[in-house]
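Below, subunit A partners subunit B and then partners subunit C, in two separate complexes.
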Partner chain A sequence: MNRTAWKLTETQMREWLQGLVDAGSSVVAPVEEDGLTLFSPIAAAQPAHLEASGKTQWSPKEFLFPRSEALYRYSLKGDTVEIRDPEVAETQQVLFGIRCCDAAGLMRLDEIFLSGTKDPLYAARRAATTVVTAACAAADAECFCTAVGGSPVATEGSDAQLVPLADGWMLRVLTDKGEALVGEASGSWTEAAPDDIARIDGLEKIVTEQITRNPIQREWSRVLEEGFENASWDQLAQHCLGCSICAYVCPSCSCFDMNHEADAWCGEQCRSWDACTFGLFTHHASGHNPRSTRQQRYRQRVLHKFSFAGEGEDHFRCVGCGRCIALCPAGLDIGEIVTAAATAIQEEGADAAR
Partner chain B sequence: MSNVATNAVPRTGAAAVPDGWQPHIVALVCNWCSYAGADMAGTTRLQYPANVRMVRFPCTGRMSPLMILRAFEQGADGVLVSGCHPGDCHYVQGNLVARRRFTIFRSLLDFLGVDLRRLHFAWVSAAEGHKWAKVVSQVTASVSEVGPLPRFSSADAWDGLDMPAVEGTGPGELSVADLEALQTNVRRAAAELLTTDRVQKVVGYRAGSMSGRMVPVMVTTAADTSQLEWGDGCVNNLAAFATTALETAANVALVVKTCDLGAVTGLIREGQIDRDRVRLIGVQCPGVLHGDELADKCRSCSGAPHPICDLVVTVDGVRESCAEPDEGSAATEDARDAQIAHLETLPPDERWQFWQRQFGRCLRCYACRAACPLCYCSSCISEKHRPQWIPTAIDNRGNGAWNVIRAIHLAGRCSGCDECARACPANIRLDLINRKLALEVERQYGSAGLDPNQKTALIDFRMEDAEEFIL
Partner chain C sequence: MQLAEISPNPYHPNLMRIAGFADETRDVRTLKLQFIDAAEASEFGGWQPGQFGQFTVFGAGESVFAIANKPWHPNGSGEPPTIECTFRAIGKVTTALRAMSEGQTIGFRGPYGNHFPLDDWKGKSLVFIGGGIGMAALRSAMLAAIDRKTEFGDIVILNGARTVADMVYKDEMPSWQEVEGVRVVRTVDPGGEGEGWDGEVGLLPNVFEQLALDPANRIVIACGPPVMLHYLFLSLGKTGYQPDQVVTTLENKMKCGIGHCGRCYVGPFSVCKDGPVVTWAELNELPKDY
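Right after this comes the complex of A and B.
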């Protein structure tokens, strides 16, 4: 479907953003806090930190899949128990200026939370959310979206997309939700010229050239699974320290744990983020742990990103934002590791065939 | 997000106190003295404010800072801890150990912005009914004066603090030739240890995939020592890998900077590694980078390798050393002390804001714990759930509890290597918290330094320890 693309000056873009805030939506945009760039709801357009390139410290997934949320609450009054459902999101939410890798990450979350039995809390939030991505004009050192089948100008998961131009932005509208978000604001805007539209391909080319990390081969999904017991895993992940930075900053990691938080009178069933790199993640009540070493746990993470797929899914779960590489305290590089593992497994296979 | 604490009155800064507000105060009391003392006050029919709810413990030594924290989390506006007079402990020394612990914990809560008028300690014996009534009146008046506990959340509109810049230039730049010489010498030292079979494994640094960043590597053959690198990207404290490395090798060498040595000492002191199975390769350090800048911890460091290392690597070569640990002490100056001093001049409300904003960012990824060489417990307090001491919810309340408890578990033990702060993806200034506690411990009880035979402060006590804050 062909929709309009607009050319906006920086001022017009910010006026539009201010309009979205004024209209009563919860607008989430990158802001600076104590030296970090983070997504946060904004009360005005001014603090939004919108640049042609660069990422936030972690992904915007917490605005659809919060770090912690109550699934139900209860209180005891005398002999009766009062159970309350959690509030379902009703306020419209705009994720403004998320990168294309982040938007792809949200699509991966959809596969988990919206397929089969839908998660009602997530579904309500997702339905009330409009995504405005910002394409990248340059790659960060850790970026590798193009190595996993993504693109710095990908439209997957975007309702509208800002494309950085030499002088301002191009806004391309991609869905009805995006159309609705633009609404009346486009009255004073001019349509984008063919030159501006050509910029999309230009950016993709520039950024692709900047990304020097090894492409992850699609067939490695099968290779990795077949090489589950390969000896190389032990050595490749031996420096994993067992924290969960990788999972918590990841746009597509979706694991959670449920705990009961309560005192004598009231409490809640609380769902919080969890990660496969933690020892307790698979710890059985019996005391047995099927993934008893850090290496086994790290392998699980790699396989879940690159190998295990749901029915009908034909893509990696890793979207190539590279945050886990930049932030890993032990300097583990998932791209390097998956390449090394696949290579080792293939070599082992070749040796066996000889 | 938790609705568990029903008593906490929402409040930030110096907001108005609600009409008719009365403080909730939790008293943690020792069964053998203060509890009986309170009973005595009752049987003597003494009148005192009814704001205190008592929790009975076998001893003040049994009271973990967790319990004080829990009281605040659950909505207490003030906490009173009361036990036996020094020398009267039913278990001989429980209250003496507790006294040190509370002294340090009190200074931590103060640093984090808890007004000290909320937190009180007293010695009340079984015979001191009158003292109990007096203490409770005093504590109630004090908590009433300071008002409801501020909210565990970060204020939306808060401009942040202007922290003083960290001064100091660090070790001074080494030339490219010097760094190359150091790298060659590190490889030489490692190869020497491996070929002579003094160790079977060397934990060092190799080049990582991110430009300038070195990552940990374990090398087992002399040929592989060509992977070893040295430079300002060698940020990790490799002591964190010592126990793992020792699982599969009889003897292991660690490449260490001087700032890593405290952690090695700590592991030896606490019986986690055997000094005889570890060789330390101490290398002259150019200072490490945090982002694009010299890390704060390096600004007051000379970078010189420490003589307690077995092998000392400088630009000039490799020499055997292994001085006695008491021959050298850890550096006591730190460039960040100015920032700590600045925070301490602020009113508690501002410090509370400062820390609440940071704790609000915490993801509970536990990278601080993972990167810390001295966080080696096989089961961490955050994983205990019977009872659940640290709330699992990833919000200010749970995050605050986690960061406070981790800090107090490291008080007197933390070696200041800053790995937690480096690893933290949320830029929480864990370095300031740890440094503050280290300063406080040293000021009160002295430092254990790099001598593994020296006890750390919080597992030790003296009859004459200071207690000017105890009622």
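Right after this comes the complex of A and C.
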């Protein structure tokens, strides 16, 4: 189906956004807070920090997969237990101005939480969420979406997409949800001209040229899996501190922990973000730990992003946002490490064949 | 809106009453659990041998145990099942569980995972090899196989423990042997024997080799600590077993039970969803990360 593309001035875009806030949706957009750009629910269109480039410190995943939440609550009454399932918010949610890499990250979360036994809390939030991405007009230093099969103007996971133009915005409507979000607002808008639409390709080219990281080759998935025990991992991952900031800021990391938070009478089964780079992640009660070293744990993180694909998945789980590179206190660069590991494994294979 | 109005909550445990227990060793206990809520009991679909559950101590958290008694399926009689699990008090949840008494309430959700393919083993001889608490993961399949003995060749059960005091299912082993063609071999690690011990003394892989069973038309079902499995696989290779004749069950740390939380992943394999039951052949395809 051919969807409409609209041309909006900055004012028209802000008015539309204000309309979404006024309509009672929970609108989440980038805002500036203490010198950081972060996603936050906004009460008015004005604070939304919608720029042609730059991204938030954290991904927007917490609005679908919160940092912590109760899976059920319970109270003890004598010898019986009363269990209450959580409430589900009925408010519609709009993720406004997230980057294309973050939208791709949400698709990776879908593959985990909506496959097999669906996660009902995630599914309910996802169904009530509309995604409006903002295409990038410039790349950050750490960006590498194009190296992992993405694009600064990719539409995967977007219901509508804002494309920055020199004189305002183009709004590409991509799904029924996107259509519904535009609704009556388009009355005063003009349709984008073919010339404007053609500018998307130009934008993609400009941004792609700014991304200096080398492409991650698709066939490295197999190389990395086969070279699981390659000695280069010890050296490549030796600087990892195990702090796991990479997993926390990652738009596609989905591992979690479950614990009872309780007093003597009542409590909750609490789910919270966790990371495979933590030492206790796979630690058995017996003391056995399949991944007892930081190197083994870092390798797991890299291979889960680039190698261990689920059935029918033909893409990397890394979306190339670069946040883990920007924030790693040890300066580890996942793109460089994948390249180095794949190269080392291939060289070892070539040596063995000689 | 209540979540239950939209979709079932996979994390909502069934409430179970501790109907009884048996102390296997100083720190290993087998619980018998019964559904408290009749509606939850009537919705329960039963389990296959080798599947596991998440057991909740309210206030402490959840622990994964294999369902240790014979497989059960709704049979129209309306008779609710008793679920058994054997656990070792070793961590926070299991220590709290050990402190509970008959009549108290815990949670159960499951069953999860794949199961031992008993039907595929028809006509074959079976060897069950359990190291310590590993026996618990085999018990459901073993009891089912003993029950259906006419469908199989001879059945050998090798129950190994560090010491005599650490041996699980001591009291019930004699009853397993009552069925013709079932042989139970008990062994303890060297130094663990003690006075009056009439079983074998030796590490499980060695004792298995000494049994000198014919590998032809035989399935080996093994569960135990990683180090035992490592040496057992070496023995199996030496004595002529093919990797697809050997079945084990991976006991990784798990939290969610439905393949989401990421904890039990071995490469692309999710132990809770794709496992826990794997053949040695399948294990050879996975990265050594378990």
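Things worth noting here:
The rule we apply is simple: the second predicted complex is superposed on the first by the 349 of 354 C-alpha atoms of A that agree within 3 Å, B and C clash if a C-alpha of one lies under 4 Å from a C-alpha of the other, contacts with A are read in each partner's own complex, and residues count from 1 in each chain.
As a working rule, contacts are C-beta pairs under 8 Å (C-beta built on N, C-alpha and C of every residue); 3 or more make two chains touch, one makes a residue touch a chain.
If you're wondering where the values come from, they're calculated on a predicted model, not measured in any experiment.
Aligning the two structures on subunit A places subunit B and subunit C side by side, free of any clash. When both complexes are overlaid on chain A, the residue A:Glu87 reaches subunit C alone and has no touch with subunit B.
In the overlay built on the shared chain, the residue A:Ala124 is in contact with subunit C alone; subunit B does not reach it. Contacts of A:Pro290 after superposition on the shared chain: subunit C is touched, whereas subunit B is not.
Legend: residue contacts after superposition of the two complexes on their common chain; A:Glu184 is shown touching neither subunit B nor subunit C. Once the two structures are overlaid on chain A, subunit A sits at the apex of an angle of 80° toward subunit B and subunit C, using CA centres and rounding to a multiple of 10. When the two structures are aligned on the shared chain, A:Glu219 is found in touch with neither subunit B nor subunit C.
In the superposed model, A:Ala262 lies in contact with both subunit B and subunit C. Within the superposed three-chain model, A:Asp314 lies out of touch with both subunit B and subunit C [touch as defined at top]. Judged by the touch definition given at the top, the superposed model places A:Asp167 against neither subunit B nor subunit C. Minimum Cα separation between subunit B and subunit C in the superposed model: 6 Å. In the superposition on chain A, the residues of subunit A contacted by subunit B and by subunit C overlap at 257, 259, 262, 267.
Across the complex, subunit B is touched by residues 33-36, 38, 43, 57-58, 67-70, 73, 141-142, 213, 238-239, 241-245, 247-249, 257, 259, 261-263, 265-268, 270, 272-273, 275, 278, 280, 325-327, 329-333, 335-336 of subunit A.
Residues of subunit A that touch subunit C in their complex: 71-72, 74, 76, 79-81, 83, 85-90, 112-113, 115-121, 123-124, 225, 228-229, 254-260, 262, 264, 267, 269, 274, 276, 281-286, 288, 290-291, 296, 300, 303-304, 307-310. Within the complex formed with subunit A, the residues of subunit C that make contact are 1-4, 6-13, 15, 36, 56, 58-63, 90-91, 94, 103-105, 107, 225-226, 251-253, 255-256, 258-268, 273, 287-290. Only residues 1-4, 6, 74, 156, 160, 208-211, 213-218, 236, 240-241, 244, 357-358, 361, 363-367, 369-371, 383, 385, 388, 391-395, 398, 419, 422-423, 425-427 of subunit B touch subunit A when the two sit together in their complex.
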